[in-house]
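Two complexes come next, and they have one chain in common, chain A, joined by chain B in the first and chain C in the second.
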Partner chain A sequence: MSDWVEACAAEDIDEEDVMRFDHAGRTYAIYRSPDDEYFATDGLCSHEKVHLADGLVMDDIIECPKHNGRFNYKTGDARGAPVCVNLKTYPVKVDAGKVLIQLG
Partner chain B sequence: MVIIGAGECGGRAALTLRDLGFEGPVTLVGDEPHLPYERPPLSKEAMTSEAPFIKAIASDELLAERSIRHIHSLRVVAIDRVAHIVSLSDGSSLAYDKLLLATGSVPRKLPMPGLGGRCVYLRTFNDALAIRAHLSAGNRVAIIGGGFIGLELAASARKLGAAVTVIEAQPRILMRGVPAEIAEIIHKAHEAESVRVLTGQGIASIADDGAEVRITLADGQQVVADLAVIGIGAVPVTTLAAEAGLAIDNGIAVDGHLRTEDPDIFAAGDCCSFPLAIYGGRRVRLEAWRNAQEQGALAARNMLGADEAHAAVPWFWSDQYGLTLQIAGLSDEGKSIVRRDLDDGAFILFHLAEDGRLVAASGIGPGNAVARDIRLAEMLIAKRARPAPEALGSQAVKLKSLLAA
Partner chain C sequence: MTAIMSPALSGRDYSLTGRDAKLAVENGLAAAEWYHTEIPRKQMKELMQRSDQPAIRDTAIWLGALILSGAGGAWFWGSWWCVPSFFVYGTLYGSSTDSRWHECGHGTAFRTQWMNDAVYQLACFMIMRNPVTWRWSHTRHHTDTIIVGRDPEIAVMRPPDLVRLVLNFFGILDAWHAMADMVRNAAGVISAAEKTFIPPQEQPRAIRAARIWLAIYIATIALALYLHSWLPPMLVGLPRLYGAWHHVMTGLLQHGGLAENVIDHRLNSRTVYMNPISRFIYWNMNYHVEHHMFPMVPYHALPKLHELIKHDLPAPTPSILAGYREMIPAFLRQLRNEDYFIKRELPPTAKPYREELHNPVPAAAE
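Right after this comes the complex of A and B.
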């Protein structure tokens, strides 16, 4: 398995919100859930490659800003039209106030 | 189950029937030769790409896997409501238990003599191919009508290097449904990209000799173009329903459950008019992609007996150059406007009814700058909320906090 990469400080993301994280030519989205857990997925919507970090987080759903496609950001599951391809998810941990994500 | 019209709405309805576990036969009949596809890219990225592409809603494999029979290139020409049979243009017929009319809309024809082969409309992929063939650098394109499709096409044509003139009869572009402040931003964006935008200009006559179109405006000015694209609105496709004796009222008239007066026939998407619950049952017809999707899915649920009423807030977007506009709700329901400025020049106008209820929100900005707040506004509209105008106007107050209130 590849290394853990530091993405941001835990407090950089509000509760029930999302932040964009770019690393090594790729883009990811990092989420903080309403119950204060952190998650990460690929950063682009599987419908038209739009940055999900501009979208709205509600409970465990991220909604794409462009056409409101929905994904469960905890599992990556596509939840309804127009999106049908799931998002890849990545393991996340918080260590000493830093959010780390395991890529690869 | 038989669905007439294999567009956004019909395609989504067919898939939803299967999602819900319906196991009987599902037949989707469409007169276009293609798989069900999305129309919005036709004036945008599909137009500017090397070769126009089809963004299919479902592949052949998916349709086969879900046992959806797709009959393409054939029209339904008659509905026999007593026998529960539809007839197709090749003489064949199909029996139905429940029928969905998802026949969409077609461009409104310009009622003028003189139109020829260089005067075209944009609705289908084949239309897009024909237009694309004329959009090369140096070509001249006249766009008749400053509505969304015309303006998006103007932006795409500029990207391909064509010289573009937009002719609008009304005093400003986007008269219908778009606040003046936002139309102004879009107007300026087009001028900054060297599009000639002529507003308040009626057309006196058109001469099309097959090579060139000569448009004479009411004030005598002439616009000469290699291609004229007419985008003056759309009309619902209702003939089939009317001939079957169903009520038409600016579209196939359905109730809040998308039922016609025939309990076995439903209509949804661009072709139907329906009562919009959040505005006290005001009857509307929407020409919007998400509505087609939502109504397709709702019709499918109700065809299976869900008895569910339409409750969604209308929502629409448009992309031109780097700008995206999004509108939730119907802004003409509003009596006053509160403006909220966001970063990068983006802003949202909140439309409030007399009693302070939020009835619509219109936003514009680069990329997806307004998306999140428009989505939250949509939820506030659905809740019939009366947020304090000062809170709406202040970027420091998060809209999400108003939703919880």
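Right after this comes the complex of A and C.
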């Protein structure tokens, strides 16, 4: 059940930024907030399957690069048109400088 | 630039529920992966950064000029001196709202979202575009830019209807259709085409907006009748007609005469260098290839983006006049052969077009 997977080094992601992580045929987005916390969601926008890692992180929002759809990456909540479906989120922890994401 | 004759299907079906809509899906043109110029993430992040300051400044100038020119028109009402005031007021009302609606709809003009929403609602009303319907139609326009049967915002369909184009410089047909759509939506009716791109949960909001607008227009007409004066509609509604010329002039240049059914914005969009006044009215949407490739970049950063990627794009059209000198002959030629389009040449520094991805494949250069 607790299937923690190493995604990247903590320093690989700038503050207030996002990085793509592919694992077992799926893609995820790993975020580092302005408060230096880490979060993870599904990597593709729920609107048209665009990689969110190419988007813009502002405070607790990730904006999709294609249609500017916005999500709260901490909760996965869709924040208005054109996104209507929430993102799935995943637990994240930082251990010995590594970002781990729980996928199990 | 090279003129291309393509062996396209004869007779296009631009409806969103017709033959070409199905063909676009079958041919992989719907929601396809489009070409992007490579930009390092660090530079892209800098370009995407949001700021309230440029848009607050521009909006203050815009609203200030709108109020002053409107007041001037009302003050001089009844004399010829009102004409220059209404020329300015109309252009700000019926043309600059096209870019304000657009940029705020993307959510990129301001960093603060409520400011984007407020200007978006105001501009939508002035340009007569339902704020819900057009948010979703524009989403589709960015997904399937100038894909026949998929893009609801193709301004010039082939063969071009030149009478319609000329009439729209005075907003005549656009405003008529907008009014008809508003009344239909206010009556609670969402068309079959609208249902293809507006999700069901959003449709009641489109109806509510149409009802609010209808009430405003009824109040304006009632005031005009009460005052026995054309002044109220000269300030609310009619500027969408007598001030439309600039947004139609710049809007036609965006994609006019260029390729259809391709998945590379360098083939179907046009960047045009413009004078500073037009760029203020148009909020830098003259950098149109850049905007379509990277819609996350705010209008105020588009000139910087243009400098960064112009090595990978066709040479920009040097002026509005040059754009029309290129476009009008193409429109005339499309009257005889609707498969004709302008293919823009890339500089030697650019990555080549991936011709195999485009349908129809250009057959021969002249």
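Operating definition for what follows: the second predicted complex is superposed on the first by the 103 of 104 C-alpha atoms of A that agree within 3 Å, B and C clash if a C-alpha of one lies under 4 Å from a C-alpha of the other, contacts with A are read in each partner's own complex, and residues count from 1 in each chain.
Everything that follows uses one rule, which is that a residue touches a chain if its C-beta (ideal position, glycine included) is under 8 Å from a C-beta of that chain, and two chains touch if they have at least 3 such contacts.
Small disclaimer: the values here were computed from a predicted structure and weren't measured.
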item: Touched partner set for A:Arg70, first chain B, second chain C, both or neither; value: second
item: Touching partner for A:Pro82 - first (chain B), second (chain C), both, neither; value: both
item: Which superposed partner A:Leu103 touches (first chain B, second chain C, both, neither); value: neither
item: Residues of chain A touched, compared between chain B and chain C (which is higher); value: C
item: Touching partner for A:Val94 - first (chain B), second (chain C), both, neither; value: neither
item: Partner chain in contact with A:His51 - chain B first, chain C second, else both or neither; value: first
item: Touching partner for A:Cys8 - first (chain B), second (chain C), both, neither; value: neither
item: Chain C-contacting residues of chain A that also contact chain B; value: 54-56, 63, 65-68, 81-82
item: Touching residues on chain B, where the partner in the complex is chain A; value: 12, 15, 38, 57, 289-290, 293, 297, 315, 317, 367-369, 371-372, 375-376, 400
item: Footprint of chain A on chain C - complex, ascending; value: 31, 44-45, 48-50, 106-108, 111, 132, 135-136, 139, 142-143, 199, 201-202, 294-296
item: Touching residues on chain A, where the partner in the complex is chain C; value: 17, 47-49, 54-56, 58, 63, 65-68, 70, 81-82, 84
item: List of chain A residues in touch with chain B within their complex; value: 16, 50-51, 54-56, 63, 65-68, 81-82
